[in-house]
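The chains carry the letters A, B, C and D, assigned in the order they are written, with residues numbered from 1 in each.
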Amino acid sequence: MTETVTPVTEAHPFEGERPVTSEVVREHNLNDLEYERIVAMLGRTPTLTELGVFSALWSEHCSYKHSKPILRRFPTTGPNVVQGPGENAGVLRLPDGWAVAFKVESHNHPSAVEPYQGAATGVGGILRDVFTMGARPVALLNSLRFGPLDVPRNRYLFAGVVRGVGDYGNCVGVPTLGGEVAFAPGYTGNPLVNAMCVGLLREDDLITARAEGVGNVLLAVGSRTGRDGIHGASFASEELSAESEARRPQVQVGDPFTGKLLLEASLELITSGLIVAIQDMGAAGLTSSSAEMAARGGVGVEIDTGLVPTREPGMTPYEILLSESQERMLVVAEPGQVSAIKAVCTKWELEAATIGHITDDGLYRVRHHGLVVAEIPGQRLLDDCPMYEPVAAEGSAAVARRAARPEGRTGPSLSEALERLLDAPSLASKRWVFEQYDSTVRANTVLPPGGDAGVLRVPGADFGVAVTLDCNARLLALDPYEGGKAAVAEAARNLACTGAVPLGVTDCLNFGNPEKPEVFFQFVEGCRGIAEACTVFETPVTGGNVSFYNESPTGAIDPTPTIGMVGLLEDVDAAVSSHFATTDDRIFLAGTTRGELGGSAYWAEVLDFVGGTPAVVDLAAERALQRFLVGAARQRLLRSAHDCSDGGLGLALAEAAIGGPYVSTGTGAAIDLDGLAPGLSPEALLFGETGARAVLSVAPDRQGALEALAREHGVPLAALGRVGKPDSPFILKLGGDTLSWPIAELRSIYHNAIPRRMRPAGEDAADRGD
Amino acid sequence: MLRVAVVRFPGSNCDEDAYRAVQLAGAEAHYVWHRDPSLDGADVALLPGGFSYGDYLRAGAIARFSPVMAAVQKHADAGGVVIGICNGFQILCEAHLLPGALMRNDRLTFVSRPVACIVEQTDTPLTCALRQGARVSLPVAHGDGRYVADPATLAELESEGRVVLRYAGGANPNGSLNDIAGISNAARNVVGIMPHPERAIERLLGNSDGADFFTSIMRWPAERMPADALATSDQTRP
Amino acid sequence: MKYQVRVRVMPRGGLLDPQGQAVEHALGALGFAGADEVRIGRAIELALDAGSSDEAEKLARAMCDRLLANPVTEDYELAVEGR
Amino acid sequence: MKYQVRVRVMPRGGLLDPQGQAVEHALGALGFAGADEVRIGRAIELALDAGSSDEAEKLARAMCDRLLANPVTEDYELAVEGR
């Protein structure tokens, strides 16, 4: 071990604590450089308790040691930014004194181990991140990735995750308004579960998690601390392997009922002005919440773990500091308010205990019944973690994949191809999923899941908020830069289709092991694409989450930076839905069709070929389309708008004609694509994935106004056909052929694709496969 | 003015929606906390949806013992109007103010979707402004909505015309016996339904089929609506 | 004295038990032939202070009647052990 | 021969059991003082064809391991009876 120099601080080993050996250091996932820094900082060997604190705070999950320099490249400011990155959630300004807080988080590794609890606690955590800002959660979204559904274990994970997401949000009473689900081989063994929450607040009520005021006290509010999830932050910061499996932390169990009480109590504490600051005890529990709050306020903090209410007797300070028991908050308050705070907690049937206070010495000090077991310079604890900028180099496999073409593969007929796309679980209706989520509770849902974006009204106001969460990881796997741009573009397009102006972004950057050059390349390039698109769209990134080490024995996941976006609908009553509605409305395509099939769903799902060069994202064209869509909605020119993304024009048209998830029948449509883009093959025309396009339907008497507006914005508009009578066929003319289906048939393929692959609930445990 | 007490339990989450629906219908609404001993002079007690006590053990099983439930019971016994929606319906069954029970959906998953329902009885405070046989679309959102009762109870409900709301043919989302979506007690002053009319009262939200359920409360004859028996004018809420 | 109470609350016979049915199917699918009549209920365990085992049992019964089991749909059984 | 199998699946010790906690509170509020350590799990009953009670038990154990109990969060106990 390193020679001890003059100690800077003093701490004592807790009784029975193991001595810190190099083996113990390694077990804590700290490398030599990191350990040397710790010793230098303390001027002595750390105690085991201290080592645990460093291990948690210097884990990738808490320190962002591989990502911080790259994340700095995101645009984070703008006239509407009330709170940028660095707090529990970002906040953007809305009209009339309102603001919106939003954030996305991953819960990938816990969900791989225990899908139900992993997903449920992911939702619980993101809810707390939003209400700690003083915002009332009003919408949830979730982005999910699994391996293919023909593998039983993937079905088990999918079913368990959806149930977990649903049970938590449903119980707390926050509607789920959107999300996405996709399936690809790279996620077998390492599913992705990203949960996003959106909250509303009066800008005046905003509260940040800065501990301030020497002498102020710290209170632990909510559930008791148990041994759950100890080392969860480090677990999230390593690859999943047989070894990590054996050391996995005790599963955290969600308690949505307590989560709901905590929500109400926290909002009451915040709006009543009884408290100075509040933060969720999330990853690395009490350790990270207390250290981060103190560092933000530039103060020291002293905690006595002996005062923390525990679920089990005999817990050590180490365990209490690192526990990730759910439904706990850390509150800073003036000593004179403690009894009033406890009264509010009692009303909500919650426990609150004073566990420490704020000091002026800048130290992070932990006692256990008086004995000092950890004493660390507080600011340096957070700031001195080494930062790494690993080598980034594109893998040769990716280069080869991008250069490859599905030569020699002949596809089925066009009509069979469309049916196969509608039946592909990644593209098919997600009704099986969102039907398990309450989407109408709180009675503010204007557009529920099943369209391009969820829309909710702000009670008592004319405006509304649109929300979406998107990423096409296949594009990033082939070209992370274009794929990153595409993810932001798709999110913005989804919002604009409803009529909303995109306002800002939260991102969940799911990647493999950043220490591998090809993974870090994906990360750097993906972020570059995201940053560029956000700059052009003027949608600052106000927060997010990095999830590395998404690897299983079969390799890294596809790079999956999910983009959560919120937008503003000035007149929520003008919100536009995605589906054709009225017979004889005229159907148009806005945007240019170039027929790029590289990385397309058609190649992947129909030809079973993942490769090619994805379409270049034309950010200027995207921006023009967004403005045109928003303007058209504002003037109430549109009856429907649906963006073209994976599956291209063919899928977008079919989805619009199939109708919403609960109409008794779709409208059908008669569409003529000859002349749209002469020279393209029918496959490229129908399934090419050029961005910046949307399928619109318009009342005949608004057609002229729409065309004029499109010209004004420089957006090409092509007439494609007419909306049919309810239950009329879906007719496509192209390349001299006429394809036709009863709309009920397409509807049935689309909505049954996922249910027919899943076992009924209750039987799904048979797929657990262990 | 008609006064409606919206009873809040720990875990209620449709309380604000119910409150707003009552106000939009033109009545006065006030909240009553589950620890309150009285309904504060209300004419109607409305038990809203949500997950009281997390629905732990059984939906409504713990909430039925809340202090306020004694007041609700007294109010019902005196002929006062008591309405339960979703979790409120589950609580009323657990409290034996309504017969039967609401069990886990037969599909074993939570179900959230609009469902077609038929109004079967209009002689109740929740349906008197509707037309008998009317077909309405209402959102459901529940995991435990399968109505069950023993055969004798079911027969009694049917013969006495106490099935207030039924899922339309083929639309039963949870396996309820006889497609039952809502029932009343024999005196018709206590009504429970699983669907959520309070979420369907505005065109902006795409459905206003639920509005008449709240209009019904307003139209229920005053002589059939005794006020909270426990409340006295000098009683103040804690 | 401390007693350990174990309660088994089962859905009443004759009532549909969709969970039991689903598990029965799943067992079949996993190749466990010959399992049937699957029923799923709740198992509750608790510790109880009481003067005697009889008193503990009486108390536990009262808890079941009032809260732990729904008399409309469920039957229960219980066992009390000193510890 | 037919055997009757009864399984009790309980949340693993140390794991939070929110249901048990809520019921414990409720019992207290109902005036049942002295009840604690409430835990809530699942009770499963099924009928099984097997050659012997040993074989029945072995089969039942396999069912628990593969389906009836979640090895990540639950422990189980079982009892087999001839009938």
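We adopt the following convention: a residue touches a chain if its C-beta (ideal position, glycine included) is under 8 Å from a C-beta of that chain, and two chains touch if they have at least 3 such contacts.
Being a predicted model, the structure only gives us computed values, none of them experimental.
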Task = Could you run down the chains that neighbour chain B and chain D together?
result = A, C
Chain pair, A-B or A-D, that carries the greater number of C-beta contacts = A-B
Request  = Just give me the whole-number Å value for how far the CA centre of chain C lies from that of chain D.
outcome  = 9
Message = Report the inter-centroid distance (CA atoms only) between chain A and chain D in whole Å.
response = 37
Message = So the centre of each chain is just the mean of its C-alpha atoms; given that, what is the distance between chain B and chain C in Å?
response = 30
Task = Indicate the residues of chain B shared as contacts by at least two other chains.
result = 53-54, 56-57, 61-62, 65, 107-108
Multi-partner residues of chain D (at least 2 other chains) = 18, 22-23, 26, 30, 40, 66-67
Key: For chain A, residues that touch 2 or more chains besides their own   = 255, 257-258, 349, 760-762, 765-766
Ask   = How is the touch graph of the chains shaped: line, ring, star, complete or other?
value = complete
Chain D residues within the chain B interface of the complex = 18-19, 22-23, 26, 29-30, 40
Chain A-touching residues of chain B, taken from the complex the two chains share = 10-11, 13-14, 16-17, 20-21, 49-51, 53-56, 107-114, 139, 141, 143, 196, 198-199, 201-202, 204-206
Request  = Provide the residue numbers of chain D that touch chain C in the complex, in ascending order.
outcome  = 6, 8-10, 20, 23-24, 26-27, 30, 32-50, 59, 62-63, 66-68
Residue ranges of chain A in contact with chain C within the complex = 759-766
Remark   = Within the complex, chain B is touched by chain A residues 163, 166-167, 170-173, 255-258, 260-261, 348-349, 434-446, 457, 459, 572-573, 661-662, 760-762
